[in-house]
């Protein structure tokens, strides 16, 4: 069943009166359990598309539906709710709240969801163990390495049991060994827990692991096909 | 019509938003924690704001405490130099304080009631009159108060105000004169003065007295204008027989005043009026009562000045954290929660400064508990009815009023930064590094 | 200098929002300070004028020893020479001779001790406002001998009405008993309760006859341009009087030290609060400047690396804070001065319970404003001074940075 569908979405940015078409009538459908990558050269519209799919921005034309609901018809509050319950995000950097510990960063999502505190604690412990950071639970982001921070970000993204995790260049700031470990972790989560992932990246390592590859160029889908 | 509906919908949305913000601020422990930690992300900036709030609050509390100490002393002076708490007089005496209006039974009816009331600590009879007091060198118009010396000591601190000579005791034809008046009449203790007055029948009466003692009270007015005689001698001089002008009573606690007044008013018969110090000193009552309003205005002024600084700091903080706000928005933190987080940060910042200010104020007031010596302003203070030592007095209101004002200020000054933070669209905020 | 100023000015506007918030706080403080200082000045001036113009003028001249003793034994003889001196004295707007005695006034069973003031009705009006304070009846006049005007409270305490005959009793200059009947011609309302309770006016001629005083007077009351000019007038008078004359000259401030002290105390209470306000604003300026310096660590490091002297960086930061404070001051003064001038022209009449309370002590329930030149001037100097103090730390911090550290940061 399709979780997310984009129908002919376009995005036009206007800066100082000059219109730039970042996306041009893109169609994309994501099914449950996918491990998909959006790739393409810089400025091809990867991040723009990801923002539209994540209900962070509105398309200029076209329609995005999440679980059958048209995002354009959702109020700001409803979108917040959708993001909170159905989506998880991992960004390139500065993912975490610097004044919160790893544990608090993870717990925060469940706090927002209204999960009772005992359950919150149990789930946090479990997920931190799963991403291999049990002993760093009380550290703050600045006391952790970049790879550790991204693991916390992944833990935070999936702890709320979203239907889809959107990851925008999650490995961009990591060395290749660390990036590989992070990717293995996400693949494992996808395999064992059925978490659906959509990446935007130009990291060949990520592209190599993906089971479906969507290539964008100049705001259009250039190719869409199975990966390794 | 259409526009009205749109406006209505906007109002409804705004209300819903406000309600959600309030709920988040009130119930979300995480938000409080986030706010508190955010406050300390820039300790230098926070330190400056906290110092400003603390210094401002402590300064205002201290100066208000000194002011209130003065006002309270004025009340105490008025009560302990003359008024007492409750007065019994002939009806109309307050407007026409002559010998024509008097208690002909010598106050016995009132005295019996006062004796029966356990709340009454002391009572005393008095005669009020006017006269011309002459020495060999000069004369002055004076207010004559005739007293029962031992009883008067239960009401006023006159006996303790004697600076030279002695209080009225056994010797006949003795008079107490204020230092200021004695200086003008060029008399000292033992000096001879002639008091002329018109008696109850309208005849001129005169009598020679010797100065028993000089007094100095906290009221310059009293020291300049009032002299004290013994009751029987005044009754004889003024042909009053047994009559007195008033009975004055002091209760153990000020709270007991209405009950005593009520008991006297209901049980006394005849053309008698019962009053309290509040009716005789309306200006003082106004000063005490208006003190609260003044405090609100002063705190509001200081906090408005602070509000700009608080708003400034929050605005800077919000701009610095644009990307971070984008991240939390994208993981599903709703706009009302973002607003709540900034408002809570403002509250943490301001209320922390407030607490430091309270601590500072308590320390200052404690270190000044023996009073501030203002001898340099003795004459100005005495003209106000205040002694030369002023003790600052803090009350519960000195802490509740600034807390309320600080809370309101913190919330109002954070609204602009908070709404700015919430308005930042996640997508755009994320692009901002 | 021109370039430096331009740089500072542009820096101030790099974060316009922050600048405006800081300026707004300064404007608020300036307006409050100017407004309340002017209000206090207005209230105090009114208090002084009210007191002076029912008492003995801005400056009082009397016989030697009068101010210490105030008896009939000290007097002034108002001869042609003295009159000429008074007329010629600079800064004197008017003068009035008076006789001050004490006596007992009685009506039937009521008697009151009073100060008997003998005045020259024509001259008195040029110094005091006593004649204008008559509420019922008329002022004393030479055409109606043996007339007496009483304070309102005095009249009430005596139960005296217009036309009533009163017995005035005292001791004359000759030490004989003096008594005579006077007719109540007027009742006046005096602001000071103790005066209202004790002042009785008669004509100078009647008083001189009653006290058997001849041509002598107790004092001469003089009116100066305003309370501040009293010292100058007194000094001029002291210099103009021939040494042989046994007279003394005192100003209102010397005669009413309690009033002076009351005003100082009142001012002190207000200034403390205003200083707190200014300090709070100064912290705001400190924060703004500090933040802008910290944000620019790298940029200032570049300037230092380019060879700009630390002193120049210090000056730049200093200039920025003074511009910030100066902007607030300019807007604050532009707002507050017209505001205060408007209030100065439109005194506020109180109508609440405060008015009632003020009337009880005889004060007119009116609040007046008075903008004295040192008020805006003092505000400017205070706020600039405080801003200069607040800028010290950020300026030192900016100029002390080593270029390497600055370039490494961020």
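First chain written, first letter: the chains are A, B and C, and each begins at residue 1.
Methods note: contacts are C-beta pairs under 8 Å (C-beta built on N, C-alpha and C of every residue); 3 or more make two chains touch, one makes a residue touch a chain.
Keep in mind that what you see is a predicted model, and the values were worked out from it rather than measured.
The most central chain, judged by the distance from its Cα centroid to the centroid of all protein Cα atoms shown, is B. When each chain is reduced to the average of its Cα atoms, C sits farthest from chain A.
More C-beta pairs touch across one of B-C and A-B than the other; that pair is B-C. Distance from the chain A centre to the chain C centre is 73 Å, each centre being the mean of its Cα atoms. In whole angstrom, the spacing between the mean C-alpha positions of chain B and chain C is 25.
Taking each chain's centre as the average of its CA atoms, chain A and chain B sit 64 Å apart. Per the touch definition, chain B reaches chain C in the complex via residues 44-45, 48-49, 51-53, 55-56, 59-60, 63, 66-67, 95-100, 129-134, 137-143, 184, 186, 196-202, 204, 220-221, 224-225, 282-283, 286-287, 290, 298, 301-302, 304-306, 308-309, 311-313, 315-316, 374, 377-384. Considering their complex, residues 16, 20, 28-30, 33-34, 37-38, 40-41, 323-324, 327-337, 425-428, 430, 433 of chain B touch chain A. The touching residues of chain C, counted against chain B in their complex, run 17-18, 21-22, 24-25, 28-29, 32, 69-71, 73, 102-104, 106, 108-115, 156-159, 167, 169-171, 194, 198, 257-265, 269, 272-273, 275-277, 279-281, 283-284, 286-288, 290-291, 294, 353-354, 356-357, 360-361. Interface residues of chain A facing chain B in the complex, by the touch rule stated above, are 51, 54, 56-57, 76-77, 80-85, 87-89, 91, 94-100, 104, 107-109, 111-113, 156-157, 160.
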